[in-house]
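Right after this note come the structures.
Here come two complexes built around chain A, the first alongside chain B, the second alongside chain C.
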Partner chain A sequence: MMERAYIASNKPLDNVNRYSKMSLAKPVMRGLLGKRLRFHLPIAFALSLMAAAAFKFGVTEPRKRAYADFYKNYDATKEFNNMREAGIFESVRPTGK
Partner chain B sequence: MAHPSQLGFQDAASPVMEELLHFHDHALMIVLLISTLVLYIIVAMVSTKLTNKYILDSQEIEIVWTILPAVILILIALPSLRILYLMDEVNDPHLTIKAVGHQWYWSYEYTDYEELAFDSYMVPTQDLLPGQFRLLETDHRMVVPVESPTRILVSAEDVLHSWAVPSLGIKMDAVPGRLNQTAFITSRPGLFYGQCSEICGANHSFMPIVVEAVPLKHFEEWSTLLLQDA
Partner chain C sequence: MVRERRDLYSLPDAPLASRCYSHSKVETDEEFDARWVTYFSKPDIDAWELKKGMNTLIGYDLVPEPKIVDSALRACRRLNDLASAIRILEAVKDKSGPHKDIYPYLIQELKPTLTELGISTPEELGMDKL
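Moving on to the complex of A and B:
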């Protein structure tokens, strides 16, 4: 009978890989939508508040100031006389007519 | 009057209209805030494949999206009610004018002291003078003293009409058999245009309103002259 050849080996007989140090991290598999919401919602609120502030200081406040400035030094008599001389009124004719 | 391609309100010529303008700006600011928020959320939600099939409820978010709209509504309601009550304040008018709608013209009655009444027809386009406005001019204007509280009693002789002058912030329905009251003060002299604002037949678009605000002295001279001519 032929003798079997045995190759000596120091490897353990189980299949656990004890020698490799490089492996992929486990990917994140839960809470992805929540994470997206937590990222985007504060930005959404901030942007909308900025839009409101831009409208307030770009439109609302200048309009209030425009009206206040218009009437601050408004001379109704002078304006009336100018309009009268332009002949736009029906109830009062330009001076001299 | 309005100018071509105008989007916003006409310039205010009365204190009430100024308040309405500022309130409209306030409400529009809130609308912009909500629209920006919703648009951003829509884009953020539409541009992802992520879903969560297992969300059933959340007390926290329910509380947020109940309280926040309630707060926004209060922020709109408070200035709105303020203006509403401002418009209804007892104002002790110096003058009362009746504006009566007919098909298709307005008539004005100044009956505080004497019986002064006249009709106000639209000036046809072919009869306009240079500088006058098409479909807005009338042959006789409603003359009022500037900066004087004036009461207008609006009614109609036939069908529904509506007496509206945007720059004064006035619109009041003219209902047959009913007297509707409104009041205004003009902040400055000038001409203020309006148009009938309730469908009333074929010439509904051709019965405009012109308010002419002049100093009291000239108003008195005008009314005296008109009474003499009558």
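Moving on to the complex of A and C:
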């Protein structure tokens, strides 16, 4: 099996930018803000809508459900009588006094 | 000294510059550049027109072409206004925003003009550091 001969490369091992002496190419100079907005604004709107949706379905809807469930079978008279017996009212005394 | 009512239709951004694609003629980039080069090339341009022109130009979503900046720098020369000339260079660098390749290109293209008119760049004056 023939041995491979590794010939040392003649290229210099520095990392100088070989193009620094050549003239710079013309970059894009127009419409830079427009390009940035076309990219970022849809993302911004999408994220904002997602944040609003997350708050609605993570906070407000459970909260509304909790209140609805609490009051679904709420008996105001029974609760009033419990409070009355507990003696927290000033305008009406507990029964038996 | 009371200044006469400025005829705003002499500014390059008169109504015909409106980019309303629905019915008026769309101006090409070359036409836009040519109008602004002409604006700053006015032999008897005054300081107000220079400032107004630069402020208007900086308001656009673009970095001015080297030939427009060249024309503006020569207007500064006619007005003996070195401060504005250097300020123009700072302004176009700022307009480039995060695109760091634009300003070196502009300076490269403007080098002959800067040498001819004797304008130092903010970097040469150490003004680009805080």
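The definition used in the following text is that the second predicted complex is superposed on the first by the 70 of 97 C-alpha atoms of A that agree within 3 Å, B and C clash if a C-alpha of one lies under 4 Å from a C-alpha of the other, contacts with A are read in each partner's own complex, and residues count from 1 in each chain.
Everything below uses one rule, namely that a contact is a pair of C-beta atoms (placed from the backbone, for glycine too) under 8 Å apart; a residue touches a chain by one contact, two chains touch by 3 or more.
Please read all numbers here as calculations on a predicted model, not as lab measurements.
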>> Contact-wise, after the overlay, does A:34 reach chain B, chain C, both or neither (first, second, both, neither)?
In response: both
> On chain A, which partner touches more residues: chain B or chain C?
Replying inline: B
> Considering each complex separately, which residues of chain A are in contact with chain B in the first and with chain C in the second?
Replying inline: 32-34
> Which of the residues in chain A end up touching chain B in this complex?
Replying inline: 32-34, 36, 40-41, 43-45, 47-49, 51-52, 55-56, 59-60, 63-64, 67, 71, 74, 76-77, 79-80, 83, 88-92
>> Looking at the complex, which residues from chain C come into contact with chain A?
In response: 29, 61-65, 96-97, 99, 101-102, 104-105, 108
> For chain B, which residues are in contact with chain A within the complex?
Replying inline: 12, 18, 21-22, 25-26, 28-30, 32-34, 36-37, 40-41, 44, 48, 50-52, 131, 140-141, 143, 146-147, 187-191, 212, 214-215, 218-219, 221-222
> Quick one: in the complex, what on chain A touches chain C?
Replying inline: 23-34
